[in-house]
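Each of the next two complexes has chain A plus one more chain, namely chain B in the first and chain C in the second.
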Partner chain A sequence: MKLIRLALRNLLRQKRRSILLGSAIAFGILFITLINGFTGSFIENVGENFSNLMAGHIFIDGVEKSSSGKDLYLIDDDSRIMDAIEKSGIEYNFLTKRSEIRGTLLFEGNGINQSIVGADWEKESYFKERIILKEGTFENLSDPHGIIVSSKIAERLNVQLGDHVIVKMQTYTGQQTAGDFTIAAISIDTGLFGSISCYANILYVNELLNIGPDKYLTLGIYLNNLIDTDPVTAKLLPELEKRINLFSRETTDDGNPFMAILEQQEEEEWDGVKYRLTTINDLLSEVEEIVRILNIAGLIIMLVLFAIIMVGITNTFRMVMFERIQEIGTMRAVGMHRSEVRALFLFEAFLLAIGGIISGYILSGITMFIISRVYWGVDTPLFMLLKNGYMTFRLAPLQIILNFVIVTILTLLAAFRPADKAAKLEPALALSTEK
Partner chain B sequence: MAIVSLKEVKKTYPLGKTEVHAVKGVSFEIARGDFISIAGPSGSGKSTILNMIGCIDVPTAGTVELNGQITSGLTDREITELRHKFVGFIFQSFNLIPVLNVYENIEFPLLLGRNTPDQKQRKEWTEYLIEEVGLTDWAKHRPNELSGGQRQRVAIARSLATKPELVLADEPTANLDSETSEAIIGLMKKINIEMNTTFIFSTHDPTIVELAEHIIKLKDGLIASEYRRDK
Partner chain C sequence: MHNIVNFLHIKKAVILITLLFSLALLPALSSDQYGKILEDIDNLQNFGDNDFTTIYTIVSEKPGEEREVLEVRLFRRDVGDLFLMIIISPEVQKGQGFLQLEDNLWFYDPESRKFEHSSAKENIQNSDAKNNDLMVQTLSEDYTVVSHEEGILGNVPVYILNLEAKNDEVPYPKMKLWVRQTPTLPMKSDEYGYSERLMRSSAYLNYVKVGEKYLPTRILMVDMLNVGEKTQITMTNPSIGPLPDYVFTKAYLEKVNK
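Then we have the complex of A and B:
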């Protein structure tokens, strides 16, 4: 259409003004894209970080009621679970078997309540990629009593490499006992969650817990992908239910399955071991709430931002209409229809929107590229939101298209009234208006 | 049949609480192929009458007929189509579209409305018109690169784009020096003869008036005199 060409030239006529309006649109797009991109990867990063921290996406543990009514956690014999995993045909990256001590670490009068995770570190090779050592080496864990503590814990206990620390704890059945560890390595603190765990060898941890060497507390299934969590769970559950006594993950009114399990555990009576299956998503549902709030806040800010931009566009187009009033009169005189005048102005708004939006996306791309190159470090409170210390962005194509459409429509709406006014000008009056 | 016929046409403009009687009852006829001047002092109603003939303004009373068709009571769409097909406009201050070059300005009316002629037809006709007004070397220039006389030549060519039967020129020479003015009227006259297009132009310049064959003199919104000069 020839009108588009005329619209483009009109837009270029007042370059500075068009660039200003286009930049305002671009800035709005940049803003909303950064928020969307950040929240888009938020869940994923938090999920990945949690899964690394907890060594899995799906967790199975067993609970037994002791004679005194206390819950005792233990996977006594995992053969039926392994069978179920195999029969379900699910795909996963690896399995982790972990035991855990909750006790007090003591060193020269300093004490600290701490959980100590025991695993077979030879098998859990991925562990070495996730934990960054400040001092010492992973090889030091070949000492059966070796322990890795975070720098924060080391500082609070005032321990150094090779120091011996005592742990006061309870066995699996609740007997008081004590053990001794040697500091094998000190890891860099990964912020908020860095000091949650110390790491030791499962054999010694089991010995202290007074469970057999082949037993453990939690089986973690580490999947290839966070998003596989729900489908894999759905596949695995029926196979498990056939073989072991399992707490139901059914919830009323969309509640959290983990909460439902805890409730059953509280209320029910059972014999022997009853198993719990929990997933990373049970935890992440809380995070999703945060993301939803962030997205709503982003949307509100975007609407306010664009309301301001739209007012600017409306005013500018009104000004443009007066500036070109004789021209409009002339075009109408030589045979231009009202609809064509309106279309001409709307085309100008459309091109402005397209230009602004595309520049906005290019700008967003550059900004995200630069931000994602910045290393924030692993010992920051932001760590959970980052991917190995880098900020990442993820944008759904649908979101990009949606924002494109919304902003284009808003721009057209802003220009519509001045365009309509221009279209309805009486030609004689327009021609005789003195500027 | 007359190409233009005005019957007891009146035009009143509201002006604050009072009214301005710009045209107070004017009747005349213009024959096809006429080369007519509407003359009169400032404020005598020349522009108002031309606007009503050109269907960009409507009379308060009386009727304007173009080719026997009464122009009042048509919808804006019909009026616009009538203007597009039937009337060409030339303005005192040229009124070219600044972002279009000479060629594009002349072609512009051909791109409006429905029934746009195809590219080849447009090109042929536009180039013919450019040659006709003597601007072949200036086709790619924008209006701000042209002199006043050249701009008015572009406007003349544009007014002829849709091959209208009638061209209205409201003081086409008011912004031009006398030599250029005569050349512009001369060009209009040439086209009037070649294409048999009816030209109506207004002026208050006595020497320009004399270049017309049919002259209507206005005074205070009424016809003061009307006469034809022999060719």
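Then we have the complex of A and C:
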């Protein structure tokens, strides 16, 4: 205890120097905490945004082989799927039934390859909360041929509200066809993925695909929470397996179930419809890889930063030792052990680290609070990483503890050599040394 | 006298009925004949036992985009419905290929070294041409003549046939075909989508005789939905020399890329 008080007093004797060293440590902590905080919410935000974009967390679609071996996607009769959902007892927010066209939108010599999602917008009322319109209204979708395009698509096609566009596409079985749409509304472009799809009425989309009005391509299950995805899937799968022919989600090692399903689709032959169950987490596993890389990069940068800070700490403690050489000699002469001298220096380094780390965390908290209050808008390329236009941060307690331990050890290591050197000083030699 | 008059009336009536009956039968017989024209077209372009090799250059133009040129080498053995098409340029797509084995059309990408199912209905890369356009013609198997007439295209007498697909394995469910009367070769076709809208118009500009068969050496395909979008297919170096069996295998497609 005496040593700790002594170490604290020594640090306070050279306030400016201690503050500078502590600030360097605090800066390092601020840097790594911001990265960890950002990546911590990265998965959650990307997952939620993808779920909104794709209208679900769990997706089921039916695949059958054409006579030429090509995969055709269609849910012809969903009664057994609905039964499985009901019997499994899973909780969900809502179900979405969607059909999709991939074709070329044409207007006065301009053409863009685009996906057009067809849904029953009366039933999918939540949709109106997810898409922000720049021009037009959702009521315009009452026109069976109405279509909502993003502002970027509207700009590239040079279309305005009420313009008629043609879509060149294929039917469900791959035959050529064309459809007519009227621009019902223009949505705000939400960055990278915002222009992926246009939105239209499912009845007309089905008519163009040449499938019945009550059929569709994908059933989406929108859950209450992203983190429910895996447990709900585990509950639903056995019930589905009892009722329909389902592709296996089993993978070797830690492979992606979606990739495993694609492989089965390529390799297997089957009669009738075989169903695929995929989840938002199958897609997010690729995003998780990005997060892992970001965290590793953050850790490497932190280690480089602390290598520089360590050099500063080592030099400062060598200087401190030289400044206090006679004091060390006196302490040793009055009976202080070598180990106590070493411990005194290391306590100083420890307290410095603690001060720097706590300051760093406080600074991080303030910075994150300020950044999370900034509204970045919905038309930013960062949109997929944001939560409703705001940047959010999430820190795992284990990550905080790990960074704490790493920085403390590094600071102690940096101070160890000067501390050891001070401990090994001969009292007589130390007392006779002139500064 | 009365009997004679009656007899003449009956005779007139019989002649009239016979004439009407014959007229009613005429279109049915004609349809069969017109159906035969489709068989003739198929036969004139089917090499049967002979293997066929050629190079196609596909030039596609789209408004606001640079002209794209694709060169493919094609191998055909019509007797077994075997078909292999390998892209030889541009460099970035070199080695990609399509192989027809039984009912399956496979696409091979040397980059991923994987075979994927494709379809005769798919476009060849970014062009308006379909895989189906370069494969052996099977009009008589795929289409029925629903109406017909005779006419003149340019100054050439033609049969004008309106066709409807018998199956969904063809890219266009409806087609209007202008066929030269002798020999029976397509000169022009208007291709309609499922929505009955005119999607593509093709002109068969030149033919070349290869052995006893005829093949178009230049086809111009005009996209009827996107003004200014068109594709021209030119055939060069046709030959009917025999090909080894291994050409029509997945292994060959993989090997040719090494």
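Following the convention adopted for this analysis, the second predicted complex is superposed on the first by the 432 of 435 C-alpha atoms of A that agree within 3 Å, B and C clash if a C-alpha of one lies under 4 Å from a C-alpha of the other, contacts with A are read in each partner's own complex, and residues count from 1 in each chain.
In the analysis below, contacts are C-beta pairs under 8 Å (C-beta built on N, C-alpha and C of every residue); 3 or more make two chains touch, one makes a residue touch a chain.
The shown structure was predicted, so the numbers you read here are calculated from the model rather than taken from an experiment.
> Are chain B and chain C a fit on chain A, or do they clash, once the structures share the same frame?
fit
> Kindly classify A:Q175 by the partners it touches after superposition: chain B alone (first), chain C alone (second), both, or neither?
Only chain C is touched by A:Q175; chain B is not.
> Between chain B (first) and chain C (second), which does A:G109 come into contact with in this model arrangement: first, second, both, or neither?
After superposition on chain A, A:G109 lies in contact with chain C alone.
> Look at A:S432 in the shared chain and tell me whether it touches chain B only, chain C only, both, or neither; answer first, second, both or neither.
Touch status of A:S432: first partner only.
> May I ask for the angle at the C-alpha centre of chain A between those of chain B and chain C, rounded to a multiple of 10 degrees?
150
> Determine, under the contact definition given at the top, whether A:R80 touches first (chain B), second (chain C), both, or neither.
neither
> State whether A:R156 touches chain B only (first), chain C only (second), both chains, or neither.
It touches nothing on chain B or chain C.
> Which partner does A:K235 reach: the first (chain B), the second (chain C), both, or neither?
Once the two structures are laid over each other on A, A:K235 reaches no partner at all.
> Nearest approach of chain B to chain C by C-alpha atoms in the superposition, in Å, rounded to an integer.
Value for chain B versus chain C, nearest C-alpha atoms: 72 Å.
> For chain A, which residues belong to both interfaces, chain B and chain C?
Shared contact residues on chain A: none.
> Quick check on the complex: what are the chain B residues that touch chain A?
So the residues of chain B in touch with chain A come to 47, 51, 54, 56-57, 76-77, 80-81, 83-85, 88-89, 91, 93, 95, 97-100, 108-109, 111-113, 158-159, 161-162.
> Please give the residue numbers of chain C that touch chain A in the complex, ascending.
Result: residues 62-64, 103-105, 114, 116-122, 165, 168-173, 191, 193-195, 197, 199-200, 223, 225-229 of chain C touch chain A.
> If you look only at chain A, which of its residues touch chain C in the complex?
Those in contact with chain C are residues 66-71, 104, 106, 109-111, 166, 168, 170-171, 173-179, 208, 210, 266.
> Which of the residues in chain A end up touching chain B in this complex?
2, 6, 9-10, 12-13, 326-327, 329-338, 340, 426-428, 431-432
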